[in-house]
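In the two complexes below, chain A is the common chain; its partner is chain B in one and chain C in the other.
Coming up: the complex of A and B.
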């Protein structure tokens, strides 16, 4: 997912390691309600970053997943359009008649399509379309860049490389394996997995990769920006990868067949390529079409002083799906006492202040976002938010290492804000007896930190869950078996390796319910805290303006904290 | 003469081929792996290799370069996977000759992307050119005629200020104040003449055109002033004045004609370079011209688009040089054998 407060190049780089289907934050919204809208008009969506994919099986940007899920792509289940944060992440039936039936401890799931659901050309959506949609994710040489969890979960044989033998619908090798794992009986589709997948409804509601796709519309890679809708809107003409596009009402969608979306505008127009500053200047000015505009670009800290009076009524803040953290490099910083001293000396408050204060970031008590099912604050992180230099110094002295202890802090830099934030951390560490070298990187950031030979001692990281389950946070970040190879450390930038944690990850994966998984993940998180495998810095905030004519405005966890297009409207 | 022209054209073609190779080598020398970049999150090494294959970066660099050159002559299919061509031909995109590549990130041929961006850059260059050439010459002449006065100093001083300010600053300033805060003109938005008519096209180009023009105009003011002053000191002008010609006639017919010749030559070159894209101005105003396309290609590690744009721009420059060389050869025969 786009991180709105990183430099352009960093955002681009983060598209790999941070690009994800984040699951929403949900708390601390303000001015989040607005007048009830009427039908008609054009809603404008001002943004900077172009969509990388509009193909449902390839989309992986939280903003795009949320927007397209409300406008053009329907799933078996979806998150509801609601302002109640407690309800926002509970899947409700969408294309399916219910939220699915699981068997065999979550290893098998069945869903039945509801009657009357249609594509934009009026043809009925079938079970075969659902099956075909999933099959596309297996064509890893054509359908690239999308979520790939299903490759590991679906009960099909795998090659030594770890990839399934079934290679998707284009070459169709080993198709019988796929046909066995995904079956259609009438309007009911059944998925068979090789391990429990209790959070499947959460995954379906969050991602678009489980959505149906019609075979006769598929042109492989050429379909990357084609939109064949089954939602309330359809793309008018072609998507322009530089400018954006306009979505108009889909006459073959009916409200009676869709219990989730409450579309109001006649058109939704996306305008890409505008900078944060220009977008927020225009929204503050609130004139012309901008009165009917929303954005996914946060208010820059330099603009905070201008958000007052009537403008403040059009500003809304919510938790983003992202948590930022530090990773001690276990190849470098092997002494536990040193890592504990680092944690104790970390001035995360100073970091957040440099980033813009409470409108930009909130304290984090875990690497897990508070909105996720099973979230618990990590008991290990009890140090004051400003750090405790004296306690840290004692720990460093007790470590037996020579002082000052030299550390190199590598972070995604290149902007005055990131440099200021890094300097705030360095100041805290220096007080405790560390000798700090700052190592800001930009475009090459992930290429450098993913090398096992990277000699950084402390590394910045950021993560958002793909769906609101800790299963999409801890295993991808700390399971050394899937991350650490001779060529790369995957997402485990700190080269953390723990048999205890790996065993617990297996234990969590074997649980049949999300709640039971959550309990094991809390144990794992506690172990990570004890080992100081990471140090949480912030839960990033989304602070957005909107135009004065926008109605039904809602920054919902259901839409990853981005404006929910499922109910937004405009007054005339 | 013919042999000379052939020699220059052949050397130009060789230069373009070498440039394409250098661009390929530079791209792959970068520490950033485009396959990792495009692979998405949770990308295993096996998936990364699949992505590399999908992007067409799995072959050795020289093989890729050879395929590129072949594509320029005879066109190419993307992806070039024979198995996929057999089992799913609908997924293959054809790029007809002269194929400068196919951008998988934009799902279009490089030539189409350039064709779409070119009118934007051309429009911007034309509007900017009209503003700067008319403003630059007018203010330059006024400054020359009022030499030493406060008007002269004012014009020269202000032009120096605009020359010193970075383009992005002037652009952002105009955007924020003229368009957003004071709302003197609508938010700049490129609309082609075919879509919105001449007036809408012009209004959309006013601020970005002015941004570019203010920078260039500053130089032209100073040069016009210098050239006019220089020509006014020439003997033939003294003669014209002594003969009792009207001052306006002396200025327009005699002084300006001499002063404008070098200016027009320079303006032509500046205009030609602007048509290749005004990176900063197009980025500030979100105009999807060649300049912004080049930035996007580099930022997204889009090799085909990067190579295509580099080669097109290089071709413009090389062609211009060949034309100049040939013209010189016509003027001065010694060049042909030099």
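Coming up: the complex of A and C.
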């Protein structure tokens, strides 16, 4: 789950999440890079946002999870390096010998460690390291910022607050609970959960929080930017939190023990703090080291007209893991007909065009990203993409409310683009008989919309799944029991509350397979559509340039749509 | 040239209206003489016409919007108008120029650029004019009091002027914008753009008065020694009468010049503030808002980038030329 524009550090760990999960194969405008690269050289990764954590149990940004998973942190299972979008989200064995065996309807999972897998100091990775890694997530006072699903899933006793009694390896209270839930037998680790966790392999492959961690390397919070590698690269020197760092080959990693990664460059250098404009200017001019550079920063729409000729051969577009949507505030907009009118009048096409058109955003038919297992278009969203003002007006008239109906639209603003996109929606709503007040917020955005007393009528939201299962989209966004408290509405910014949906969420969680869960989630999504609990706006696009010497370039759902470092190389 | 240096000459000059050089031209008042001199100055006259056109546009634009002649808010964002595949840049010649959209369309939205610019002139001029009035009013009152009373009062106002000048104005604007706007709203001003505009006006005005106060003080120092002031004093005129009936009328020439030179500075300031996100918020167009948005299109849609920049440059230069022309006309010894 993710709020793509949300600064994670500002959010309570329990409420947060960052991305994962993929994107159904986007349209590659071109992909001339040869898949066969040669070894050697330095690959550059130009980016803007400094990493907040490199600790595997604390990372939660899609870019970092993907990059570190390919370079330094191996998981029991991983998503494969592939150009086939259908294969990309099927986990394959990595540290484990297979993709795990589940018992008891998905409540118990076992994995066996592969022989010959080593840490960067040459010592073998053990089952105890895996167990220790997971235990760190329970130290919620030290290991902050990372995903915390495991706290709810693992079969350990919980306090009334909802947190487990076991509090991690530092305080080590109630350690016996944890030792019972996670057991080692030789090289085989077994996890016991208190409910079915059929998508566990997807979660392991997507996040880094299930990865092993060596106890003697753990310095708690001080390890935040330490990298103790078991992958093909290791960090050279220290990570510079402002500038980035360089990864060099890890001599204790062997290709024979790793069926996933095909590391080609000798070095991968991360350069942080460059703006989209600077990065894409440099990639367009393609000189010097930038010829061997990739980025996670999209081409700004004003640059699109410069992407032609030879430059267009170095541009690739794919679906991002993110969906943007609107949430009607159920505390304000209680009349269903009004919400239907709003949905009918929403000019999502105008919104997307203001964001830069088809290379910036594509139509969305659900809050669920099309790449997720079990995705189905939501049947409720029948309005044309440009909105239907006449039909909306009729609905609004039938609602019995006085017209023009006043609404306040709160969005994450502050840039000319977001203001134009919001104005596009406002223009459509006005035509249907709404009187719109635009309320752009920047730094304070989530503080304001998470207050249950927020008087906005319509709220912008964005989300990406934590792993490619709808279980990381609909429950975190619409389960009123975990979201709505007197102090905050969690991720349920629209204060949506439905017993029907809550019951169905429980039903989905009780299913033993991801496919069976998907069917129930489709039912829930249809109900959300009927209630107009949300209005989808777009599947955000990733449109990236790369340098001319980059080989094996692949924007894969396996790496959240970011360039896959498991296959990229550079030519001389 | 900077405003303070423009006006340095005024600190030195004394009685504007009674220059002996003007005496031979019989039957004409000093004002008429100044006007005649201004009319002879072709460049200033041209600039004056441009300024008049801008002012007229600014005044008429709200009516144009009301009666549908100008349409700054309608979207033309379908694929018919915008190149959706290429960043929503308007299709057609020079950013979509046509008879119905003489300056083309805005990238991303397809709103009419000409309408938005004309309507933007209204908001920009309103902000700049209000801020100038605030600055000139405060500066004039404090300048007169400071120069006329002298002593401790003069010293106190002088230090206040220094303090205000040494304030990091831009920093304050950015740091305090949220808080100050909230306070303005609490004071009963409608939230949103009215409060935002008032904040910009107040900040520009409250930080802009010191140079004016200094100029006025310099003028007053000489005026207060003149006979008619002595006479008024002897007749027991009250203070307020001295300030506003005796002194102020002798200050109108430098104030007028200063006014026309402050306006363009504030028009540019509004543009800069829009770039820093502290001015009136979109979709309400101001020249600054439009310019801010246009910067990113400098290569993709050059004409869209060029027009607001050109418009701001022309209005700033014109106001400055009018100001210079007025100064020359009112003070023939100054520049010639």
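Keep this in mind: the second predicted complex is superposed on the first by the 538 of 572 C-alpha atoms of A that agree within 3 Å, B and C clash if a C-alpha of one lies under 4 Å from a C-alpha of the other, contacts with A are read in each partner's own complex, and residues count from 1 in each chain.
Simple rule for what comes next: a residue touches a chain if its C-beta (ideal position, glycine included) is under 8 Å from a C-beta of that chain, and two chains touch if they have at least 3 such contacts.
Fair warning: this is a prediction, and the values are worked out from it, not measured in the lab.
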Quiz prompt | Which of chain B and chain C A:225 touches, first, second, both or neither | solution = first
Exercise. In the overlay, answer first, second, both or neither for which of chain B and chain C A:144 touches.
Key: first
Quiz item: A:301 contacts which: chain B (first), chain C (second), both, neither?
Solution: second
Practice problem: Could you say whether A:43 touches chain B, chain C, both of them, or neither, answering first, second, both or neither? | Solution: neither
Practice problem: For A:189, decide between first (touching chain B), second (touching chain C), both and neither. | Solution: neither
Self-check item: Partner chain(s) touched by A:242 [first = chain B, second = chain C, both, neither]
Solution: first
Practice problem: Quick one: classify A:487 as touching chain B (first), chain C (second), both or neither. | Solution: first
Self-check item: Residues of chain A contacting chain B in one complex and chain C in the other
Solution: 277
Quiz item: Quick one: in the complex, what on chain B touches chain A?
Solution: 31-33, 36-47, 50-51, 53-55, 78-79, 81, 83-84, 87-88, 90-93, 104-108, 116-117, 172, 175-176, 180-181, 183, 186-187, 286, 288, 292-293, 296, 299-300
Practice problem: State the interface residues of chain A toward chain B in the complex, per the touch definition above. | Solution: 8-9, 12-13, 15-20, 50, 52, 60, 140-142, 144-149, 161-163, 169-172, 218-222, 224-225, 241-243, 273-274, 277-278, 281-282, 285, 287-288, 290, 443-444, 446-448, 450, 466, 476, 482, 485, 487-488, 490-491
Quiz item: Okay, in this complex, where on chain A does chain C touch?
Solution: 277, 300-306, 347, 349-350, 353-360, 386, 413-414, 416-417, 419-421, 423-424, 426-427, 437-438, 440, 442
Quiz item: Considering the complex alone, what residue numbers of chain C touch chain A?
Solution: 73-75, 77-78, 82-89, 106-110, 192, 277, 281-283, 289, 292-293, 296-301
